[in-house]
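The structure is given below, and queries will be raised subsequently.
To keep things simple, chains are lettered A, B, C, D, E and F as they appear, and every chain counts its residues starting from 1.
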Amino acid sequence: MTRYGPMFGPDYTFLGVPACDWQDPATYADAEVVIVGAPFDGGTSHRPGARFGPQVIRGTDYLPHDGSRPHLAMRVDALAGVKDAGDLEVYSGEIQRSCQTIEDAVAFVTANGAIPVILGGDHTVTWPDVTGVARHHGPGKISVIHFDAHADTGDIEFGSLYGHGQPMRRLIESGAVRGDRFLQLGLRGYWPGPDVLDWMADQGMTSFHMSEIVDQGLDAVLDRAFQIALDGCTGVFLSVDIDVCDPGHAPGTGTPEPGGLTARQLLDSVSRICQELPVVGMDIVEVSPPFDHAEITAMLGNRVVLEALSGMARRRHDAGGPRWNRATPLLKDRGTNPTS
Amino acid sequence: MTRYGPMFGPDYTFLGVPACDWQDPATYADAEVVIVGAPFDGGTSHRPGARFGPQVIRGTDYLPHDGSRPHLAMRVDALAGVKDAGDLEVYSGEIQRSCQTIEDAVAFVTANGAIPVILGGDHTVTWPDVTGVARHHGPGKISVIHFDAHADTGDIEFGSLYGHGQPMRRLIESGAVRGDRFLQLGLRGYWPGPDVLDWMADQGMTSFHMSEIVDQGLDAVLDRAFQIALDGCTGVFLSVDIDVCDPGHAPGTGTPEPGGLTARQLLDSVSRICQELPVVGMDIVEVSPPFDHAEITAMLGNRVVLEALSGMARRRHDAGGPRWNRATPLLKDRGTNPTS
Amino acid sequence: MTRYGPMFGPDYTFLGVPACDWQDPATYADAEVVIVGAPFDGGTSHRPGARFGPQVIRGTDYLPHDGSRPHLAMRVDALAGVKDAGDLEVYSGEIQRSCQTIEDAVAFVTANGAIPVILGGDHTVTWPDVTGVARHHGPGKISVIHFDAHADTGDIEFGSLYGHGQPMRRLIESGAVRGDRFLQLGLRGYWPGPDVLDWMADQGMTSFHMSEIVDQGLDAVLDRAFQIALDGCTGVFLSVDIDVCDPGHAPGTGTPEPGGLTARQLLDSVSRICQELPVVGMDIVEVSPPFDHAEITAMLGNRVVLEALSGMARRRHDAGGPRWNRATPLLKDRGTNPTS
Amino acid sequence: MTRYGPMFGPDYTFLGVPACDWQDPATYADAEVVIVGAPFDGGTSHRPGARFGPQVIRGTDYLPHDGSRPHLAMRVDALAGVKDAGDLEVYSGEIQRSCQTIEDAVAFVTANGAIPVILGGDHTVTWPDVTGVARHHGPGKISVIHFDAHADTGDIEFGSLYGHGQPMRRLIESGAVRGDRFLQLGLRGYWPGPDVLDWMADQGMTSFHMSEIVDQGLDAVLDRAFQIALDGCTGVFLSVDIDVCDPGHAPGTGTPEPGGLTARQLLDSVSRICQELPVVGMDIVEVSPPFDHAEITAMLGNRVVLEALSGMARRRHDAGGPRWNRATPLLKDRGTNPTS
Amino acid sequence: MTRYGPMFGPDYTFLGVPACDWQDPATYADAEVVIVGAPFDGGTSHRPGARFGPQVIRGTDYLPHDGSRPHLAMRVDALAGVKDAGDLEVYSGEIQRSCQTIEDAVAFVTANGAIPVILGGDHTVTWPDVTGVARHHGPGKISVIHFDAHADTGDIEFGSLYGHGQPMRRLIESGAVRGDRFLQLGLRGYWPGPDVLDWMADQGMTSFHMSEIVDQGLDAVLDRAFQIALDGCTGVFLSVDIDVCDPGHAPGTGTPEPGGLTARQLLDSVSRICQELPVVGMDIVEVSPPFDHAEITAMLGNRVVLEALSGMARRRHDAGGPRWNRATPLLKDRGTNPTS
Amino acid sequence: MTRYGPMFGPDYTFLGVPACDWQDPATYADAEVVIVGAPFDGGTSHRPGARFGPQVIRGTDYLPHDGSRPHLAMRVDALAGVKDAGDLEVYSGEIQRSCQTIEDAVAFVTANGAIPVILGGDHTVTWPDVTGVARHHGPGKISVIHFDAHADTGDIEFGSLYGHGQPMRRLIESGAVRGDRFLQLGLRGYWPGPDVLDWMADQGMTSFHMSEIVDQGLDAVLDRAFQIALDGCTGVFLSVDIDVCDPGHAPGTGTPEPGGLTARQLLDSVSRICQELPVVGMDIVEVSPPFDHAEITAMLGNRVVLEALSGMARRRHDAGGPRWNRATPLLKDRGTNPTS
């Protein structure tokens, strides 16, 4: 196997799922999902450290790392059908080479039938992540649901076209994603400026500011987003920047912006999306361990992945039938639960 | 006096209340509540440190440690009628001996007419805490309201029947508590597995998952719990695992699980329970100072105790009459406030 | 210029706005707002460190410190018309001299036509802050909206009339502010005692306890406060103690009290107040960097100031016309947005 | 008893020694040493927090707080004959009143026959500490041995004569201590400037810079200091600023200066001084818990006190006879050890 | 393979060496050294957390975890011939069962020809570690060199014979090790008391207090220790408690005692011992990650193991010939270096 | 002025020295030294964060930031003749462009007669730093004295020729510096491997391992280094990687290696070098604030620069005459001190 393994620290997989080699499709022929680490933080404009994101998202859990995680309420095993390809060899000092490596790997995994779940890394990686997925599904054919405090639609920063503030612009400019199928939730703060906001409006983007989410309610906003996402697209890419959560819930990140979602809100949203929509790829980015405390951000990153995987698993289980309902009492109606 | 005193660090009482000796009932003949420290964390499956819980729950407050805490809104002194028996001599390496010591002390205090409030320690201590109370009130006669991210109904862990993941199972198996009078709030995450959930359902337990609480509203869930708790039981034991709160609000704990209650929700719930129900015992567990930041978890643990004591005091004050209402403006209707 | 500059660390202004000298009105003739640092924490009853508040509130932001901050949703530049006078020379060991220095500076700035925004320091500074503003507007002519976990209406503490627990009492006693135009939001915990609460009621103060805010809803409570604030007063002073937020959102403070507002709630409230009311002065206090983690409290302090400045700017822009509405989609109706 | 008790947090004594009341000499008639807390940090020029010094110096130890500490090598009980008077009521905002309180207490304790050991607080307190002792022994009759990174001989700082940068100047100016009997060890860095150094030289002070200590060896420097200290003085006051140690050994302090002593060097020096010289008073200052990590500075402060007390105890034991020798093997010659 | 794997967190080996199963000697037939994790901290008297010691000692290094570590100066690969058996299943709440598990594993590995290197865990584990080795070599046939701030020769603590303060007493009492072949370096502080010191002297122990090490020089003390260690014994067990280092160098430990060795001194000592003496077993204990900062203690623990392994490797290489000399310039005399 | 200003955070200069623009020589015509920030950490192989090095090295000091720092013992003003050009615009994601920017700036400043003192950034920057200086002085004409735990002579890492592990190799390969005039102090640990060590030996490098420094004494090693450095070279470049110090003294760095120099040793060495040798350029690298505690590493970085500047200033003052001697008592012989 030519698997690169871990870029930093010891070699282990996401909570103990089987390892695979992304270059050898036979190693993940039976997998629904392939996890890929993209430990790149050379595109960060402020506090770096997201390079250690894959390491801690994979390894932060107080339960046995045994490759199995039955969801308490959904009664499905989040890790069934999941394999981990380890990290890609990226290098903070060389952003274009690193992005190419990521794009190629994501495209290859997608083409071989697995849903890629990429562990960042800073948000730069969403450019190659989505591009890689779009190479398979076709330009404009997948919508993006993007949780973030920031729009990440900047043009040139620090003299470069590439970085964690620009991936969404590059994706729309290249045609990989249609601007009017780009959905953002959780924006707030003081960036970007009016010219960029105008560009975003011109693309037809839909961006929900936190004050609008407070005003309308999160579920209502998600409902609207879902309608747009499925209009003319065959799949959805989910990109979660951990800084969409309030810094109190996710201090371990590079550009924290006060006033965000709670962890509960993010977990519930991710769960809904992966149950209700045809997710064809996902990334979780900007978990930066050097700024974390007591591993709470790392743990949240891990749980975002697990909720997503649980949602996907439940969607597969419920295919065509009634969906799991979060109002269902935990210990009732066990007959309808897949694992009981 | 044979009082053991503190297991770790200097000897002081909860916010300066008078000391007593649990083995000498005369020292707490006039007390409504006796605080007991159970600095045991040998049953922790992951991050230890809850042994320092009693020390910090007793001592973390910016106000004078003068044995008096008038509640701002309820207008009662939380600490009137409260004494502190210090710590019990427990030892992390010997779990069964430690549990026996706790059970005996709690049973003795209860038998002598005081409500025991036990400061843990890890959740292992709820097994002897509730058993001790039940020795006085009779098996199956007290219900349990249990705030936690975890069900703690495991069977054998690390080769042992005893630990912080199993107390609720031991309590139901021994008959100390009826399974259908066991109420859990705040569960989430990926533990325990389906077999244990089935066992729980078979016992008739009622366990509210966080997503159900979000869906139904916390007050509605509490209303349902209160109905069950009072059905055929003469008292309620309140067990608060601090990890029921989101790690952003309570990072200082051993097995943090993202997506929990806010501190406000927990405080309001504890206050309601102790005002509206006949609480006969309480514990607060899993406050682990080594993982805390700026003492915020320690402070929350302290406030959970104070809100509970305030609720009990107000309940005594209002006995038979109208209850305090949180909608009451703080500075109005002073005529009806006990302390003004 | 006789500008004192910074009391601690390097000399820089709030996010790069132009410097001015408070003693030289010509240097801020064109300013709407003058920022003044009051790095005094000698009045703190518990954890000190708020002396470093001005330094971190000015300097904590991941964006370029270029003196410009267009608000994402309100479409105004928060920093247009803002200058920074640096710190005042205060000294923790000499509280009365320090307060006199602050009062004189604030009064002078106000008399010269600018709105003072004071960066504390501990809450002691609100006594000279509001007194200084009231010297210009007249006694009893400005109301105070006060966000805090604590009433700060103590009489004598540690043998002194002056300190961070007493400013509101001094202000009402001196006649600078009418008691019945003093509005408090977010109170909770166990201080002050019944006698002080009675004194507060006697003054006609309106103090919203957190449980009342939960019960009634934050917007409803603000609506009630706004009605009182504008009754017979010509201006409003906004005083924000960062500890009004839950310690999970603002650990970096001296006397954290669990169960507070979320950061989102505070930011939305400040924004509403500065848009809807004629704010004539503001302070932000009790940000204590030594107890912060990953700069999340510092960042929140910075954003409280920016939301306030944005609200003021939008109020100036909308003068007489329709106000910005937080339900407005971020990328729609650009024609009505001032900066696009 | 009118004992004030603790200023911050719970009430307990230094490692469990008996409490006394400094205003009631009968309560310490049998004591050799009386410990007094001076939790004042209003004189700090930079990072505050030393107000919590007394609390952590008294309480940081992993051994039982039982009022007994036999020294491993010296074979004396450091705590025999030691009582703790609790804290004095000082207030950060009022430096002169606070200093007067301290001076009066120290003078009174000294006049009543006990050696005062003062737990700071910032270095401001050495001014009243030494003045208080000198009121009994007579002006110019006690020498001072002062461990510090800084000379603390400033004149006016922040517009005040009083603060933690000026106590040594005030002591020499007042005549309490002769400049040529003032001995300083560990100075380094960039303060004070040449004019103050000239003033120091004019007073005949002897100040050992760290580079001189490295060059000559610590024991040789101590030998020279001892000769001066005993020339015409009847007693020695030992003042230890914890920042004399390298920040790696003592990060929890207000003005850390790299390149200092190791903890071992400080402990050995304190031990030698208290064994070989007639110490009549001592203080330990500038332990600032908010900046500490894992309590290592607090623990060092505790051990500085214990080494001093052990040295004094051994000096009393060896009175007139041969002194303990650190080259003595730990488990040999037990016949000559007092406690075996 | 029945290998238990990791007790906490992901499964990986010490810096990537091959895994083995201690119960299956064939898996380490070719190994010189077998690493065994003993993640037990139920015997800690104060700050727990050493259960995470094996995890961080194995995994903390910024270099690739590739199973190879050529020593810069000694020119041998520290990891040649090293395998890692993972953790043993121990449980903090059950100390006797856990110790028996450890003793059996260590004895079995020793009997099968490998040198066991045990990663603790608290110091309790040295009792089964040395007992296990002595079961093979014979009672009294191995000497112990013990680096520690504490003698660990207590009798009963917290009502138990077993714990991290008593292993050395149990080993001498059982006859596993002769008291006069027990060598301790680095003792300091205030424990144990005179009676225990007398017991130690009666056993003929040699315990070097830090002040004696300062006085005599570390190399001289080591020379004396080596002479005793080889007198009538066929092997040496090296037990390193990380708290022998000063808390400034090793804050991440349970019972830090100021005034210890530097990291450099410990590394040099370990290197000398493993080169110059026939080491037949080793443990490294009391690394407690919850109290560490920036992984410096974890890294030191890792380097203690590597220096020991390098010393052993160089000893094998130099067998019978001239030894490596630390005065040798790094880049000279390459002809005599084994790896060049 | 086209000065770029700060890359991160507010704009201020090193302790308040005057600002200059490196592209405009007139702005530093009178300067001896020009400080240049190189906030680049894209070449880090492990923990990033050194991008914030310039910010904290410039701004971490408890004294007034007034552009003046008289050295206590040397009696010269370290900051006389020093200006600060701010940061260069570098970008972590683009290493070659960033290095070119640095090289050009350093070369230009050198050509214009000032000594460049570069604040890193990771050690990558030493490649352009020294290359830039060598462009002026000529290839092979300046020697390098390099303090570091690591040799930084790797060839290709993460697929790149450029990074913080390779600058010294690039400098020797390009001919900028002769291998036999490259002097390294403080090496330790397990990198690089034998092949790279052989390459280093082939170049004639002199690399002092920590064990050799312990064995020979630091001053003796420096004496040997000085002899080589001045043999045929006209100037010396001093490169200080803060990780040459032990992690206990400098935890805030990317690749900490236990067993290093003390802070005192580093400060004394830097002082000697800058007094005794013709230093023509200097950099200080690898200060990584995210991993620092209580700013102790930042402060050490600041002091390394100040000791260097003080040494240079004293060298200019003593030109041709007797040198300052660290054995000189601090308050004696003031006649010979330049500033008294």
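What to note about this one:
One rule holds for everything that comes next: contacts are C-beta pairs under 8 Å (C-beta built on N, C-alpha and C of every residue); 3 or more make two chains touch, one makes a residue touch a chain.
If you want to know which protein each chain is, UniProt gives these names: A, B, C, D, E, F = Agmatinase.
Given the structure is predicted, the values throughout are model-derived calculations rather than measurements.
Steps from chain C to chain F, taking the shortest chain of touch contacts, total 1. Work out the mean CA point of chain B and of chain F, and you get 57 Å between them.
Averaged C-alpha coordinates give centres for chain C and chain D that are 41 Å from one another. The distance from the centre of chain E to the centre of chain F, each centre being the mean of the chain's C-alpha atoms, comes to 38 Å. Multi-chain contact residues of chain F (touching two or more other chains): 46-47, 246, 248-249, 262, 291, 293.
In summary, the structure contains touching chain pairs A-B, A-C, A-E, A-F, B-C, B-D, B-E, C-D, C-F, D-E, D-F, E-F. Across the complex, chain B is touched by residues 8, 41-44, 46-49, 51-52, 89-95, 97, 124, 158-160, 162-163, 290-291 of chain E.
Those residues of chain F that touch chain E in the complex are listed here as 45-47, 187-191, 193-194, 197-198, 200-201, 205-212, 214-216, 246-249, 251-252, 254-260, 262, 291-293. Within the complex formed with chain D, the residues of chain B that make contact are 6, 9-13, 16, 58-59, 61, 65. Of all the residues in chain C, the ones that touch chain A in their complex are 62-63, 69-73, 75, 78, 246, 248-250, 262-264, 267-268, 271, 293-296, 299-300, 303, 306, 326-332, 334, 337, 339-340.
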